[in-house]
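Heads up, the next two complexes both have chain A, just with different partners, chain B and then chain C.
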Partner chain A sequence: MLVSLAYLVFLSVVLIVFYNIPTSWRLFFLLSVSLLFLGYYHFYSVLFLVGLTAFTLFIGKHLQDSIEKKAASKTIFYFGLLVHLLFLFGLKYVDVHAQGIGLNIASGTFQTQTFLVALGLSFYTLQNIAYLIEIYLGRTKVEKNYLAFFTYNAFFPKLISGPIESTRSFLPQLKSLDQSFDWANFNYGIQRIFMGLFKKMVLAERLLPLVNNTFGLETPATGLTCWVGICLFTLQLYFDFSGYMDIALGSARLFGLKLSENFNYPFRATSIADFWRKWHITLINWLTQYLYYPIVYRFRQWKKASVLLALTLVFLLSGIWHGIGWTFLLWSFCHIIYLSFETLTKSYRVRLSQKMPSTFYTFLSIFITFNLVCLGQLFFRASSLENAFDLLKRVFSFPILERPTFFAYLADGGTQEHLFNIYSTFLLVGLFLLFEKRICQHFFSENLKVLSLFIGILLLMIFGIFDSGAQFIYLQF
Partner chain B sequence: MKNILKLLLLCCSVFLSLFLLEKVYDFLLLQNKNIKASYILSENINAEVLIHGPCEPLWMLNPTQLDTLIHKKTYNLALSHSNFADNYLHLYLYLQNNQKPSHLLLYITPESMDERYNTFNTYRFTPFMKDTLIANIVKEFDPAYSRWIGFPFMKHAYYGSLINFKAVQGLKHYATKKEKPFYPNGYVPPLVQDWQYVMDHFIELYPNNVEFQWSKRREKYFRKLIAFAQSQNIEVFLYEAPVYDEAIKVQPNRQEIMGRLHQLAKEVNVPFVAFENLEMAKDKTNFFSTLNMTVKGAEIFTDTLGRYLQKEVFLKE
Partner chain C sequence: MKEKMNHFDTLQQIFRSVFKEDTLILKRELQAKDVAMWDSLTHVELIFEIENTLGIQIPFERVLAFQNAGDLIDCVTELTQ
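So, the complex of A and B:
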């Protein structure tokens, strides 16, 4: 969706109109084009978005009224919550296409669905729930600018896959769209969009066939080759999702709007807890704020057990949010185990770190964390439980390392052309990861980097994949 | 103003560089002797007999063996995974730089008329997109690609993962002044493959038998190819090689489609011989898939075909 010429043309036209209409029309204009954007891809999604947003505003108002009158606010709050949860999980998992209505467990596994019941639903329902909780807890007042609230949910760059914004950070920005065109925002925006395109088209798309070969069991790869193929999925997912985020954040910045960051160099994480502070940050923040902390507080007398309980519930919900299926459940369990282990061994690990050279400890921590994350992602990506265990069996099969076929098996062949493609992919991905922080800091700037952009565009044109037609992975959640 | 100038500078330098890069790629791809289209345009092969079709004849008919039987200079122009439109354009390119062959041996089978088998490979024609005939056919088969090619370098970038290596190899061939391709007579010996893996894959793909479909577009380009050859006074000989016996059992409408192929051959006035019931079709070791032959099978069939052609076609002329 965001990686297409159509999107770039759409964005350019919207941008030109946006800065040439009276400031008082801008909010309405942004809402209109956002709904148009959504309707273009899936008309019925517009109805869901408008309906649920109107419902949230309605419930929010009644909730506040009842709080002020000290009436039965709890009932209204839980009703609002229940409706959102019914839509979130109902629409995602009830298969209305099958004969009768039943749980669509099969689609709970990792697959790109061609028909999406309501685009962006998973993301804006969480925003709506957060809004209702904030009102219920008295931390915010009901939003009186309905137009702004509708745009808060519908704003097209973030509509499909987030980031999940809070009303406190994003609504005030939408209510003050009176700034004139700013070159600093423009430069930052286009450079960020370029970085997103590069991550998606060059890095994620080049990894896609290698990942598909591994997970589709297309090659007889075993041992280390199979494990590398599994690890590549984690990289592909990162480049795919963070690439989408870069395009979303860059697009928003062109309108002078700042969206929240969703990634913070996650492969530099030194523990799983650290990883979750750097990966899909807005979802984890939401879960931490509205689930983890309340549970820990509620059961604080249990001490460490309350933390373990909260972790379990947070990751079970996160797994279900991604999909109902055994594979997502196992992904959740992996992270519950990792984080529980980290919680219980914190003091021991601190002592251990003091006994080792800090560079070595950090490197070892990063290496272990990355591999544990990849193990979890194996279940996340596997098409079924059987597929996941087949892959695990292969990882522990001989030969562990067979040099002549190492790359050939990953590339599903081994012709010179396959090897050329795989070497260039490894080189591009490796160099990018090695210098990622520097590259990003350089590009995410308010000054136009002409030479860097020039080199980057040439690299994109030479090594980019233009014909895959692959959707963003997170579109399906 | 400074920002506008910077943007202009960026746009101009990108466009100019991509334009130059496109020319460089055009040149390098034409230098790559391993690309059949480039080789036939740079070398006068002037074969008397041309072998054409998809991967089956490419891996099956060795011109060196065939030459000894028919005593005519033969070249294998077949291309893996190609359909009739792809074959048509390669014959068109071949005739731009070579004398007309007297005969064209075209492989045809029920799979040839089914869109699920083989395809049109746009990436093979990226350096030739200025040719109207090629551009029009590419547009018909790959409209998404055609929409992009107005943008500098996009004609190569669109299928970059299939082009970059060939361009680099072209550079190597240019630098080393290479004259002949890796397979000089066009024949590519088949790879050794695990039969069971292929057969399992086949069963996975078609668990409930294989029902062949007839594509009108395939028929259209088959007719175009034949008409083009006939307009150049090239004698076309259609043949079908043996198919592994076990596979035929799961193809209930194979004979029906074969009947249509015979009818079509009659309509276009071209002889068609199906070598389906040879003894070699019963021996699994002659095949590495249902249609593709091993080196052993290919040698047996090339011998059979060569003798047939010598006796029934060339000696009678």
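So, the complex of A and C:
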């Protein structure tokens, strides 16, 4: 959606109009183009978005009124929550095309071409629930600017896959759209969009066939080759999702709006807990704030058990949010086990870190964390449980290392052209990861980096894959 | 003032005991990133120990808002007055 010439043309036209209309019209204009954007891809999604947003405003107002009158606010709150959960659960998991209505367990597994019933629902539903909780706890007042609240949910760069914004950070920005065109924002915006396109079209798209070959049922890869293929999926998902985020954040910045960061160099994480502070940050923040902390606080007399209980519930819910299926459940269990282990061994690990050279300990921690994350992602990506266990079996089957044909299995065969493609992909991905922080700091700047942008576009044209037709992976959630 | 100092000493003892650092010096600007053992688990233990020792109950909203040890000290001082 965000990677197409059509999107860039749409964005340019919207931007030109945005800065040339009276400032009092801008909010209405942004809402209109956002709904148009959504309707272009899926008309019925507009109805769900408008309906659920109007419902949230309605419930929010009645909730606050009942709190002020000290009436039965609990019933209204839980009703609002229930309706959102029903829509979230119903639209994501009930297969309306099946004979009768039943849970669509089969499509809960990883399919990038799944039919989407209501685009963006998973993301704006969480925003709506957070809004109702904040009103219920008395931490925020009901939003009286309905136009701003509708735009808060519908703003097109973040509508489909987030980031999940809080009313506190995003609504005030929408209510003051009176800034004039700013070159600093423009430079930052286009450079960030470029970085997103590079991550998606060069890195993620080049990794896609290698990952598909690994996870394909016919794959003959074994041992280390198979494990490398499994690890490549984690990299592909990262470049795909963080690339989308770069385009979303860059697009928003062109309008002078700042969206929340969703990634913070996750492959530098030294523990699984650290990884979750760096990966899909806005979802994890939501789960931490509205699920993890309340559970831990409620059962704090249980000490460690309260944390283990909260971890279990948070990751089960996160798994279900991604999809219903055994593979997602196993992904959840992996992270529950990892984090429980980390929680229970914290003091031992702190002592160990004091006895080892710190650089060695850090590298070892990063290596172990990355491999554990990849193991979890194996279940996230596998098309079925059989597929996942078959791949695991292959990893541990001999020979572990087939040197002459090591990467051939990942590369559609072993011709020189295929192998050249694979090695150039590894080189690009490896160099990018090695210098990622420096590259991002260089490009995410308010100063225009003409030469770097020129070189980057040249690399994009040479190594980019433009005709795969693949969607962003997170569109399906 | 004396009571305030006593609370400070008590809090320092609790911090040392929960985070297993006998030499830890409690300062207002102390944050989770400054203490190796300070994570979500030990944070819960810290709150639980403070509540039990001082016989107070720290509201959930206040727990969420703590940015550093200073916020916690202020909250405890307020609740024990």
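By definition in this document, the second predicted complex is superposed on the first by the 473 of 477 C-alpha atoms of A that agree within 3 Å, B and C clash if a C-alpha of one lies under 4 Å from a C-alpha of the other, contacts with A are read in each partner's own complex, and residues count from 1 in each chain.
Please note the rule applied: contacts are C-beta pairs under 8 Å (C-beta built on N, C-alpha and C of every residue); 3 or more make two chains touch, one makes a residue touch a chain.
Source: prediction; values computed, not measured.
**Student:** After lining both complexes up on chain A, report clash or fit for chain B versus chain C.
**Tutor:** Once chain A is superposed (C-alpha atoms), there is room for both chain B and chain C without a clash.
**Student:** Touch test for A:D467: chain B only (first), chain C only (second), both, or neither?
**Tutor:** first
**Student:** Per the contact definition in the header, classify A:A273: touching chain B only (first), chain C only (second), both, or neither.
**Tutor:** second
**Student:** Of the two partner chains, chain B (first) and chain C (second), which one does A:R168 touch, if any: first, second, both, or neither?
**Tutor:** It touches nothing on chain B or chain C.
**Student:** Considering only touches as defined above, state whether A:W183 meets chain B (first), chain C (second), both or neither.
**Tutor:** The first partner, chain B, only.
**Student:** Is A:K437 touching the first partner chain B, the second partner chain C, both, or neither of them?
**Tutor:** The answer is neither, since A:K437 touches no partner chain.
**Student:** So if I take every C-alpha atom in chain B and every one in chain C after superposing, what is the smallest distance between them in Å?
**Tutor:** 41
**Student:** Let me check the overlay on chain A: which residues of chain A are in contact with chain B and also with chain C?
**Tutor:** none
**Student:** Which residues of chain A touch chain C in the complex?
**Tutor:** 137, 139, 273, 289, 292-294, 296-297, 300-301, 303-304, 306-307, 343, 346-347, 350, 353
**Student:** Can you list the chain A residues touching chain B in their complex?
**Tutor:** 183, 186-187, 206, 416-417, 420-421, 424, 448, 450, 453-454, 457-458, 461-467
**Student:** State the interface residues of chain C toward chain A in the complex, per the touch definition above.
**Tutor:** Those in contact with chain A are residues 20, 36-37, 39-42, 44-45, 47-48, 60-61, 63-64.
**Student:** Given the complex with chain A, which residues does chain B contribute to the contact?
**Tutor:** So the residues of chain B in touch with chain A come to 3, 6-7, 9-10, 13-14, 17-18, 21, 144-145, 148, 153-154, 157-162, 164-166, 168-169.
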